Structure formats: structure tokens, C-alpha cells
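There are two complexes below, and they share chain A, which is joined by chain B in the first and by chain C in the second.
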Partner chain A sequence: MRARLFLNVFTIEARKLMSYRADFWINTLVGSLANFVLVYILWSAIYLEPGQIVAGYSFDGMVLYYVLAILLGRLVTGSGKPLDVGQEIYEGSLSRYLLFPAPYLSIKYAQRLGMMLPSLIQLAMLLGAYWIFLPRPAEVEFKALAVLQGVVALCMANALYYSITVVLQLAAFWADNVWSLVIMMVFVSRLLGGAMVPLATFPDAWQPLLAALPFRYCFGFPIDTLMGRVPTHEWFFGMGVSLAWFGLMCVLGRAVWSRGMLRYSGVGI
Partner chain B sequence: MLRYLRLYRSFLRFSFSRAMEFRVDFFFRVVMDLMFYITQIGFFAVIYGHTRELGGWDFDQTLVFISGFFLVDALHMTLFANNLWMFPFLVNKGDLDYYLLRPVSSLFFVSLREFAANSFLNLLIAMGISAYALWSYPGATPASQVLLYLALIANGAFLYYILQMLFLIPVFWLHSARGLSDVFASFTKYAERPERIYQGYVRRVLVSLLPLCLIASRPAQILFEGPDFWTLVHITSVTALFFLVLLLFWKLAVRSYSSASS
Partner chain C sequence: MIHVSNLSKTFYVHKKEAGLRASLRSLFRREKVEKHAVRNVSFDVGPGEIVGLVGANGAGKTTLVKMLSGIVHPSSGEARVLGFEPWKRSNALRQQIALIMGQKASLWWDLPAADCFLLLKEIYSIPTATFDRRLRFLTETLQVAEQLTTQLRRLSLGERMKMELIATLLHAPRVVFLDEPTIGLDLAAQRSIREFLLQYREEHKPAMILTSHYMEDIETLCERILLIQEGSLVFDGPLVDVMHRYSPHKVLTAYFQNPWTAAERKQAIFPGEVIEIDQKHVRLRVPRDEISKCTKELLTRYAVADISIEESEIGDVIEEIFREGSLPGSQP
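Our next item is the complex of A and B:
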């Protein structure tokens, strides 16, 4: 896909999202704040003693983890907006994309990145608010290398989450409605990925499984990297696992797409 | 009243036959809700790995509470969720006209038109989880208290519907309910946590202005600690008051509805 075309799709999608400004701001500000207040209250009920450490996190560290989980989670999941791939296959509106001078899934990815642009602005604002109003954990030291590694891990997380979602949505070539399949993935990835609770709080016996599954690399891994909790050699290993999952999803996606296109009638169901 | 029951029977017949047409979707939705239950229990299991009590409740009590919330959620998904999901589209496309022309209450028709047969199976699963949680709870729970608890859970499902509807009705003026709907989804998470973790003003708001703690948490508290007259009065009067507000808000909204261009 040509860079100019990619940029055009990206810009249109960002503008489209901003056309419902009230929705957009209400959703982000109130939704993020409501989520944050809830986890703050929940963990306040667990950190009952001063200086208490839970799974290596102080209370302020836990708060920072959730601030990042809420805000960066929006970047990973594409602001929580559905991809519509399944819907377009189901309705037959995929046909018009097949005439476009670029692969369908690249167009969808450009749209998804476009949806995220306004979220980046909000992310900067809300992180600024955190920096001003909330105490920073003593154990977290923001180093340039960790931030750089975190940003790379975040980009990878976005691509990985997209690839998993696409593979599931492509099931629409066979199933009537894949909406519930995607929601199922959201539930599982949030718990096993570290968006609901840091993965370090899981029992030790679970850690190898969590490290092998792709979900950790969507949420917990980039957040812990940014917080400086992932040593460089572990980061390389994590990125390797992440890339392997991404590669597998791409191969799977390509195979499902090819088989699905043989079935696709273009008239919708 | 009989007319409404007959009408609802037709809704049921229609919904079941439709659900059977989309069998894969039926299966996916059952598994989806099952995943929701597993992740919620998993979340609390992890949390209780680091604390003995949460809001004064141990894990057994929290399991009873969260399974009560599953019942509320399953009732909501079965009776109301599909209808409420469609409602903003009806308003925006002008399709609400067809509902307003019927010789029955438009709010009844909009809210209960579609019965989610696939979620009905999840209601049975939620009942199973709830029965297990109650059975394994070591405290004494007399049958009368369990019955009262179940009645309060049903009331919780009704209150949940009222609250969601109140967040959706502004679509008549805002044209898109997406923002408020997402905000409601964020707020509902407050109903999924024990009431006593909240303190001060937050708690007061959650039992009055936005009574999410009355949905599942307060009924569980009544089950564990026994019924208290004033708490029962509080729950029923808040529900009645919110229902009255919903009726008035609906009337106001329908009056400002201008069909397709609304």
C-alpha cells in the first residue's frame, strides 16, 4: 500500500472520529476517569498498611500501572472502536474495498491508526494531568532507554492486537455473527494480558503460561517496560515472542482470507 | 395486563425461532458470557491471592456477590440488552414511528420487543454458579433470606435496565448515544465491586444518585447480615423513584421526537 494512500485513509478516519466531538470527549474523559477512580478505590482497600508492597508494586506504582493500562490500552485496542471487518463481510460491503488500489486489511489498519490519532492527543493531556496531580512512585525511574523500548513494545502491541482481532473477524466468512467472538477475546485478553490486574499478581505457577500467550504483549509488557520493570534481555525475549505471535497471526490471517474469499459471494447474508 | 402478557408471549415465540436460525451466533454468545463469568471470578481469585478481605468480605462472600451480579447481567442480557442496543438506531433512522403507532405502551414495546433466547441459556448457567456459590458459602443463610435475596436480585436487574435507559434517552437530542452509552458501561463496573470498598461521597452517590450498589452488592449484604427494614425501604423506594423518572423522561423525549430527522 502506498504511503500517500495510507495517509489519506488515516486522516479521513481521524476527522470522522472528531466529527462526534461530544461523544469522543465524554467517552474518553469520563470513561477513563471513572475507570481510574474505581481501580484507585479497589486497590486502596487492599493496600491497608503504609509502605505495603503487592507483587513488587507500591501503592503509587500500582496507580501508575493502571493509569498506563487505561490510557495505553486505548492505543492498543484502537480506542475501543470495533473493526467492522466481520460486519462488512456479513453485509457484503466488503465488495467496494476489493476495488480499492490497496489490500483490504492494510486499509483497515490505516483506518484504525486514524482512529487513534485523537486518542494520542488525549493521552498526552491525561498523562500530563497524572504528572501534575498524582505522586510518582519512588521505585519507578523513567529512563530514556526504557521509554524508547516501551514505545516500540507499544507499537508492536497495537499491531499484534489488530492481527488477532482480524483473524477472529475473518471467521465471518463462515459464521453469521462474530461480534461475540471478538468480545470474548476482549474479556480474555484483558485478564490474561494484564489490563484488569498486573500479571505479576498472578500465582507463580501461571507465569510461564502468561509469558507464552500473546495477550501479555498487548498490555502488561509495554506498561512494565515503560515503568522500567523489564530488563533489556527480557525485553528482547518479549519482543521475540511478540513478533512470533504476530507472524503466526499474519500467516493464519492470509490463509483464512484466501479460503474465505473463495466463499465470499459479495451479496451479503 | 393480560393483553401485555399475550403480546410478550408472541415476542418469545418470535425470538426463539429467530435464535434458532443463527446457530453459530447462538453458540458464540453462550461462550462469550461464559468467558465474562470466568474472567470476573478469575479477577477476584487473583485479588484474593493478596488480601484476605475486600470491603469486609472474604472470597466465599465475594463469590456469592459476583454470582448475584451474573444473575443480574444474564437477566438484563436476556430481557433488555438487545432492545436497548437497537434503540438509538430506531430513533436516528426514524423507525421509532412504528413503535409509537402501536396500541400499547411504546416504552414497553421498545424495551421488551426482543427476548435474547441465547442469553437465556446463560441465565441458566448464572443460576448454576449462583447455586454453587450459595451452597459452598459457609455462613448460615435461611431459605427465607435466600428468597428475599433473589427478589432483590430481580429488582437489581430492573434497576440496571432503568439506569441504562436513562443514559440512552438523550439520543433524542444528541443524535448519537455512543458517548453516554460508553460512559454507562464504565460506570457499571462500580456495580461489580463490593459496596464497602467505597467510602464517603462516592458511596453515597452509588446508593442514591447513581444507585449501582443497590443492584447486586446491597442484596448480598442483606443475605449475609439479615434483612433490615430501612435498607429494604431504601432499595424499593429508590427503584420506584427511578422508574418514575424514567417514565417522565420518556414522555418528554417522545414529545421532542421528530421522526427521521430526530
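Our next item is the complex of A and C:
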């Protein structure tokens, strides 16, 4: 897909979303802040003693983890708005894209990135508020290399999450409604990815499995990297696993798309 | 420009009876039903030709159009559009074709038309100068220049359809598929779209396939029609041939110089079948090739003030063909 077209789709989607001011502010204030207040109260009840450490995180470290999980999670999942590939197959609106001399899934990815622009603004605003109002954890030292590795891991997380979601939603070629599959994917990926609780709180026996599954690389891995908790050799290993999953999803997606297109009717006869 | 040979499409659809029990049963077992949407259809369309695809609801017109525009894969048969197999969706083909579906919006509702067109400019890689020239021409011709900056969902149906038409033609396609382009529009909007399509045909000589339930669309735009019945092509030829083949009669109306009494009406012998008669006039159904003989006979025998000869309505003829179910003497 040409860069100019990609950029055009990206900006149009961003402009579209930001034209809905009420939605933007409700999303920022209610969506992010309410979520944060909830986990803050919850973890306050767990961290009863000063200096207590849970799964390697101090209370302030845990707070930072959640701030990042809420804000970066939106950058990974596309503003929290579900991808509409399945819906477009179901409703037949995929047809219009099939006529365009441009790859459908690249257009959808550009749209998805465009959707994230409001999330970036929310991220900047809420991180600023965190910096001003909340104490920073003593064990976390922001280093340029860790931030750079974190940003790269975040980009990879975004592409990986998109590829998994697309493959699942392409099931709409066979099943009329994939909504329950999408909800399940959101729940499982957030739970096993470390967006609900840090993965370090899971039992040790689970850790190899969590490291092998793709979900960790969508949430927990980029957050821990930004917090300087992932040594460089582990980061390379994590990126390798992410890339392998991404490659697998691309191959799988291509195969499912080809088979699915043979069945597509565009709704109606 | 379009070549179709023995093209068929069969869908497998799930059958579900009404009611709660059937719904529960369908959770475990569903019955599949074969639906032959298109059966062994063959035809060709040349440059500058507008071909009307006519058929009842569910006849397979839209499926045929979807296959030719590359949206749907056929079950069997061949088709070439500008030399390409459409369902392979090569970019070289997609740069040169367009489809407008009157029943489905293809533009983005939340955006003003101007933004949608800019996006299409990028999608089709249209040079800026060409894009500006074409957009100016299309918006002026269709009289929607002032609505360009309004969100699409705030436009009237007619304005929206004109925007869809502009979006379809911005890249100057060589093959255009029009699926019910005037559906739901008022008469003035229908007319302006028809005039515009004729003008576009004159200037660009594209191959066009048009499906419409409005016979006026077909009569105004198409010299040739394809009649589709239950997925099969039952007639391919000039519109006038449909009339000659399937409407062998014309209606002749004679207006009497003086009012006729009941007795006069009873005694009169007319050339042709009487459809209607009263004091002032008689309407006769007359074989097409006997019309001049019958007219002469009427004028010689009776004091006739005026005569009119009418062709049956094409819509009525086609409706009749579909109602009867089969077409005697038709050749796919």
C-alpha cells in the first residue's frame, strides 16, 4: 500500500474520531480515569504495609504499571474500539473495499492507527497528570534504551494484536456472528497478556506458557520494557517470539482470507 | 470489453424454520439448501454499450454483477472484464471498473463528500489536475457542488446518490456496473441521473451494465437488454425485439364522430379483438403486422373522427413474460 494513501486513510479516521468531542472527553475521563481509580483502590487494599513488594512491584510501581496498562493498552487495541472486519463481512460492506485497487487489510490497519491518535492525546494528558500528582516508584529508572525498546515493543504489540484480531474476525466468512469470539479474545488476551494483573503475579508454573503465548507481547512485555524490568537479552527473545507469532498470523490470515473469499456473497443474491 | 461464458453461481444457505423449537434445533443441526443464483449465463458487452439486466427480485441480477465486478467468486464458468478474470481482483482491473449499488452506501457517512473524494483520489492515484477537472465537471453537471462540504449522512437521498455516482466515475472507469442507481429517487433526480449517464457514455464510451426495476431507466438508457429468470438468461437482444417477439399486438383506439347507441355497438363488426367500447370510442387489440389493414378497414366502414395506435408498455410486457414463467421461442 502506498505511503500517501496510508497517511490519507490514517488522518481521515483520526479527524472523524476527533470530530466527536463528547465521545473523546467521556472516553478520556470516564474510560481511563474511572478504570484507574478502581485499580488504585483495589491495590491499596492489598498493599497494607509501607514498602511491601508484590510480585516484584512496589505500590508505586504497581500504580505506574496500571497507568501504562490502561493508556498503552488503548494504543495496542485501537482506542478500545473493536475492529469491524467481521461486521463488514457480515453486513456485506466489505464489498466496497474489494473494488478498490488497494489491499483491504492495509486500509483497515491505517484506519485503526488513525483511531489511535485521540488515544495518543489522552496518553499525553493522563501521563502528564500522573507525573504531577502521583509519586514515581523508586525502583523504576527511565533509561533512554529501555524507552526505545519499549516503543519498539509497543509497535510490535500493536501489529501483533491487530493480526490476531483479524484472523479471528475472518471467521465471519463462515459464522454469521463473531461477536462472542471477539469478546472472548479481548478477555483472554487482557488476562493472559498482563493488562488486568501483572503476569508476575501468576504462579511460576504458568510462566513458560505465558511466555510462549502471544498475549504477553501485546500488553505486559512492552509495559515491563518501558519500566526497565526487561533485560536486553530477554527483550530480544520477546521480540523474536512476537515476530514469530506475527508471521504465523499473517500466513494464517492470508489462507483464511483466500478460503473465505470463495464463500463471500456480499449479502443477498 | 465484457465476455461471459457459462457463468454459474450456487450458494449454500442455511434453512431455518420459524419458531422457538426450530431455533433450539438449529443450535445442534442445520439444514443446508442449494440456491442456484446464476445458471450458465453467456453474453458479451462492447464499448459504449449500455446493457439492461432485467429480471424479477431474486432472479440473480445482483449476483451476476457482483461476479463481474470481482466481489463474488463463481461456482463455474468464465468471465473476462477488459481481459481480466474479475474475481482475481488485480489492481490493473480495479483501476478501470466501478460499481454503484443503489441500495448500499459505498461512501463514508461520517465524512463530507469532499473528504471521501480526496480519499478516492489517493486510492485510484488520480493526478491532482485531472481530479480537480473531473470533480468540477461531475459536481457541476449533477448540481451538487454546494453540498460537497456537508457530511454525507446529512444529505438527501438524491444528493447522496449523486455523490455516489461521482465517486464511482471519478477515476473514469472503462466498465461501469450500475445496480439500481435510481432506486428511491424522485422523478427529477431519476431524470437527471439518466441524462448524466447518457452524457457520460457519449464522452467516455464505457461498457455499462445496468440493473433497474424502473422500466424508464431501461427504456431511456439501454438499446439492448438481458432478461434473467431464475438465474438463467432467457433473452439477449435489442429492446425493440422484446416488443416484437413477446408483444405481437398493438392497441388501436378509434374515436367516433357521433355517439353510438347500444344497438349500433352490438351490431358492429371490428377488425381485431375488442378490449373496450362505449358511446365515444372503441379500443382494439390488433396483430402488429395487420395494423395498417385494420386501420384502413375501420376508416372505410365507420365514421371515425380520430385514431391512435399504442405500443404496449415495455414494463407490462416484461411483467407478463415473468408472470407466465416461460418464454416461448426464447434463446439464451
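The rule is simple: the second predicted complex is superposed on the first by the 267 of 269 C-alpha atoms of A that agree within 3 Å, B and C clash if a C-alpha of one lies under 4 Å from a C-alpha of the other, contacts with A are read in each partner's own complex, and residues count from 1 in each chain.
By our rule, a contact is a pair of C-beta atoms (placed from the backbone, for glycine too) under 8 Å apart; a residue touches a chain by one contact, two chains touch by 3 or more.
Remember, predicted model here, so these are calculated numbers, not experimental data.
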{"item": "More chain A residues in contact [chain B versus chain C]", "value": "B"}
{"item": "Partner chain(s) touched by A:201 [first = chain B, second = chain C, both, neither]", "value": "first"}
{"item": "Which superposed partner A:55 touches (first chain B, second chain C, both, neither)", "value": "first"}
{"item": "Chain B versus chain C as contact partner of A:258, first or second or both or neither", "value": "neither"}
{"item": "First (chain B), second (chain C), both or neither touched by A:34", "value": "first"}
{"item": "First, second, both or neither for A:180, with chain B first and chain C second", "value": "first"}
{"item": "Contact set on chain C toward chain A in their complex", "value": "11, 35, 37, 58, 60, 62-63, 66, 69-73, 89, 91-92, 94-95, 97-99, 101, 104, 106, 108, 110-111, 115, 118-119, 122-125"}
{"item": "List of chain A residues in touch with chain C within their complex", "value": "2, 4-5, 8-9, 12, 15-16, 19, 92-93, 95-96, 98-102, 261-262, 264-266, 268-269"}
{"item": "Interface residues, chain B side, partner chain A - complex", "value": "22, 24-25, 28-29, 31-32, 35-36, 38-39, 42-43, 46-47, 49-51, 54-55, 174, 176, 178-180, 182-183, 185-187, 189-190, 193, 197-199, 202"}
{"item": "Parts of chain A lying in touch with chain B, wherever the complex brings them together", "value": "20, 22-27, 30-31, 34-35, 37-38, 41-42, 44-46, 54-55, 80, 174-178, 180-181, 183-184, 187-188, 190-191, 196-197, 201-203"}
